[in-house]
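Look for chain A in each of the two complexes below; its partner is chain B in the first and chain C in the second.
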Partner chain A sequence: MNLAWLDAFLVYGLFFVVMIVGLALLLHLQLGLARIANFGAVGFWGLGMYAFGVLFIQVDWPFSEVWAFLISMAFGTLVAGVAGLAIGWVIADLDTDGVMVATLGFATCVWIVATTEQDLTGGALGLGGLGFPYDIGSVKANETLWLVILIAVVALILFYVSRVHKAPYGRMLISIGDNEHLARSLGKQSFRRKMWLFAGSSAAMGLLGAIFGVMERFLDTGNLGISITLAAIVALVVGGTTRVWGAVVGAAATIAVFEILIQSYIPFPQAWYGQAIPVLRQMAFGAALILVLMFRPHGILGQMRRDKLMRRTHGG
Partner chain B sequence: MVDEASNTVPVDKSLDDGASSRPTIRVQNAAKSFSGRTVVDVEDLTLGTHSIEGLIGPNGAGKTTLLRMIMHAIPLDQGTVVLSSDGSGFETVLSDLSTSRMAQHGVVKTNQVITDFEQLTILDSMLLSIAQRSDESASAIYREQGLYADRADEIQWYLEQFDFEDAFGFANSAGEKKLLDIIRCLLLNPRVLLLDEPTAGLPDSIRDQLMGLIREKAAQDDMSVVVVEHDLHVIWSMCDYVHFMAEGRVVLHGEPSYIRDHETVVEQYLGSGHV
Partner chain C sequence: MDLITDSIVVGLTEHAPLILAAMGFALIYRLTGLINVAYSETITLGAYLGMWINTTFDLDFYTILIPTGILAGVLSVATYFAVFRPAKRRNVGGLEMIIISFGLSIFLRHGLQFVFGYPVRFFNVPPPDTIFVLGVGVSSFRLLAVASVFILALGLFWFIQKTSYGLQTRALASDEDLAQVSGIRPLAVTVLIWFLAGVAGGLAGAFYGVGSAAAPLLGWRQFLFILLVVLVGGAKNIGGVIIAGAVTAITLAAMTLQFGQVLYAQLVLIVVFVIILKVRHTRAVAAGGV
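Showing the complex of A and B:
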């Protein structure tokens, strides 16, 4: 297969876009269905990345690298899940403002710990030594395969999310998000359900973080700022918070346009790439968000359509 | 008990455990004040000894507050609420339970104010009601058809009886929402059903049909029903027993005819010109 068109920049751009789609899909479960306003996605994502990376690099593994890699990845996922369970327990009974502050606070804690625990994490200088668990030739081939693996993981998440919409589980989550008191009076254990949903989706965010760390080959506290959270939220809101494909459409309309199309085809002066482009990107995302909220408050895809779904599922 | 040809509601047989005695709720020394004003002060009240009981009284007597206290939607200042579920003497202290656990124990209340899920369709609402915890497990992503099939007869029966405009659509009118609220509760197969002004906002024909259904279910399933209602025709025609509340206390109990003609009730509530 001729992959000449797929340059390193495009592989990385696509990787970033697909990862944001994955995060936005998980946020969709939390925010779109159960109405948990998680503003700390980067915290769980970053915790997964760091837990994976630190364990993999700092431990003197007695067995093969592939096993060490897989165990570390499972560990990263688990740590993010346990953190999700703890934070979920804290926020399940809070109102939206409380949830936003608590999750944002958690993400800040992760960033501070990663920066200050220099012996473990390398602090602000970062920690190198991550790599792919395979070697199929060139750097480009390895990165492309890793992109394919990420796409498979995110496709699985997308499939799960679309099934959740069609399952009693999704209906229960929607009922809790829609009218929690009424859902409780019908026997739905909203506290426990929200807590476990949060734990599960946080674990998956951690896995995405670990996968991202491998692509970067480097643990960098610079990734733990607000921009990943913002990218995922903007993608989801622009696409449609309550829709299955909202994350995909939104990421395509925002992150993909900026990361791939604009940066590839608009001849920005070379000097801009250091400082100006990231700022321009934030401005463009902000503008997209404002425009969508003004003209299409439910996102490009609009509101959830349970009536259509029910007709399709049970309509004969 | 399934009888598709008649107006009898199909019953989920899996939940029919054959118990025959009626569940009761006993409220003891329960008090609630808001800003120093005592709204409810009930010494000892047992609800559910008759299949359908009415709870009446003037505005502000504390009827709705009492129901909400039983449901633990309002925390009690003091006192206990205990459910005796059958003749076995097994008791559950409801005032220790969360709202969701209460529904799992079969104690369910309809809402006085119209309450609905904005994002869920009529069919969604009904399926939400019948879904058990195992149906709603995060891994049960292929459970939908099975869930529907489990109680399809019952769901179809409700949809046909009450002639919803579009089961796949949303409940639009206030009447539909109110009706759906009650149907959601009935689908939970409650042991104790508290109805808080169930007929407000319902067209007369639907009201009569619904009350007939509740009477039937109360007789058939050993369900205890407590009705708070301002439409006294509903109370006199439906209830076997009536509690009269005034100023937070239950001051009288008795058969409808006794309450109806009692001097205190006439004085405080009905007025001398009542029929």
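Showing the complex of A and C:
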């Protein structure tokens, strides 16, 4: 396949944008519907990436690399899911402050373990040796196929989220998020529902982390900072925390502008790309969070359709 | 015995800025109920301001503390007027308020790099004197940080318990509407609290900065522990925050001295504190308090 027309920066930029869309969609379930303030999304994402990478690289597998790859990826997803179940149990009945502390604390713990356990993870120096489970020719072709696989995974997440919105389960999550005491008094098992929602979405975050690790081909503790969580929150808030397509629209309006438009198509002086543009990007993301939540709290797409319908029907 | 003595001296002197910052954070948390993530940037700002005043006007470290504290306090009040007050007037929800403060934190953290430059910046101070406390050598800067904690703690206790503004603060924290009906001017009290919190954060930043360097992530790296200390210590009571901060400081020092790795000590403390929060909440639910 001739991919000469395809810019390598564009492939990587698109990959990053699609991955943030996936994370923001999962955050939409947690924060947008159930109002679980997960500020440690990068912890589950990073745990999936490291669990996958460490198992794949450090174990002397007795069978083919493809099987080792698939088993390691399933392991990364499972570990993130189990961690999500444990943290979900801790936070399911805590208030927003407690949830924030526990999720931020978890992300910090993941970073600490990745940094200190040098024999396993490579520590601050990182660990190489990851690669694609196939070889279809050039590096660009391999990366493009991996992008397509990521798009398929994120499309599945999007499909699931849209199904949740239409299902009684989604309405229950919304009712728990709106008024948990009321939902509980109506017989809804809010604790269990929140815990399993958190476990499932954390597992999916772990899978996205593992997929990202393959694209990077390297485990780097520098990826475990606040930037990934920030990007997902920005995409979700700007697009609309309560809307299915909010994550997609938000990521297109924010992350894509910097990762694709500015990186590949706007000819800024070369020196700016080292420090000025990354710093400007973070400033713009911070300002976007403030401005959107103050002046358009439901984001670009606005309130949920069901809220609009209720307002039209009942007034208010 | 040596480990205990060393842990107490090293812990309290090395982590005194943590207690100072936690006290400032608790003031805002008690008054508004807001987890102000941007408070971490007040600390960072304190380090940058202290370094800038020190290197620009060639003032010694002791002299720069006063202008640094005042400037950090003023900028803390400025963030209240620029962001948090308008947001409150627009009836922004509690969770959204935290996300706004997160956004402000990111904005300020990176904005500071445009103002002060990308590389980390260092104070220009001569090596501090070493004073022996219980046989452990401690720098004079660290002892000054401990003294600042004592002075601020006493000042805050006096302010909150003995002055009319303190009474107004408590009333405002309990029930803002009722306090307003009683003739309390919420704006004056609120501005004062944000200023004091800014002073505490700024001074903490200056103490952190002179011990290492003024760097963009300086405040953010302390934020989780400040939050844990305040939530576990109980924001209703500054004494509880000081005790939780002191226990944190001594435990961190003891584990670091024992295992030679500060990150493991931090990991253990995070896990223990989260378990405490969970157990406390479970007991409160069982007792019908929630």
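Observations on the model:
What we mean here is this: the second predicted complex is superposed on the first by the 303 of 316 C-alpha atoms of A that agree within 3 Å, B and C clash if a C-alpha of one lies under 4 Å from a C-alpha of the other, contacts with A are read in each partner's own complex, and residues count from 1 in each chain.
Everything below uses one rule, namely that a contact is a pair of C-beta atoms (placed from the backbone, for glycine too) under 8 Å apart; a residue touches a chain by one contact, two chains touch by 3 or more.
The structure displayed is predicted, hence computed values, not measured ones.
Per the definitions stated earlier, placing chain B and chain C onto a shared chain A by superposition produces no clash, and the two fit side by side. Of the two partner chains, neither chain B nor chain C is touched by A:59.
When both complexes are overlaid on chain A, the residue A:125 reaches neither chain B nor chain C.
In the overlay built on the shared chain, the residue A:282 is in contact with chain C alone; chain B does not reach it.
Shared-chain residue A:37: touches chain C; no touch with chain B. Once the two structures are overlaid on chain A, chain A sits at the apex of an angle of 80° toward chain B and chain C, using CA centres and rounding to a multiple of 10. Of the two partner chains, neither chain B nor chain C is touched by A:261. Once the two complexes are laid over each other on the shared chain, residue contacts for A:104 go to chain C alone; chain B is not touched.
Taken over all C-alpha pairs, chain B and chain C come no nearer than 5 Å in the superposed arrangement. In the superposition on chain A, none of the residues of chain A is touched both by chain B in one structure and by chain C in the other. Interface residues of chain B facing chain A in the complex, by the touch rule stated above, are 71, 73, 98-104, 108-109, 111, 115-121, 123-124, 127-129, 131, 133, 135-138, 140-145, 147-148, 166-170, 184, 188.
Here chain C touches chain A in the complex through residues 35, 83, 86-87, 90, 92-96, 98-100, 102-111, 113-114, 118, 220, 224, 227-228, 231, 261, 263-264, 266-267, 270-271, 273-274, 277-278, 281-282, 285, going by the rule given at the top. Here chain A touches chain B in the complex through residues 160, 163-164, 166-169, 171-172, 174-175, 177-179, 181-190, 193, 196-197, 200, 242, 303-304, 306-307, 310-311, 313-315, going by the rule given at the top.
Residues 31, 35, 37, 39, 90, 93-94, 96-98, 100-102, 104-105, 108-109, 112-113, 115-116, 226, 230, 233, 237, 275, 279-280, 282-283, 285-290, 293-294, 297 of chain A touch chain C in their complex.
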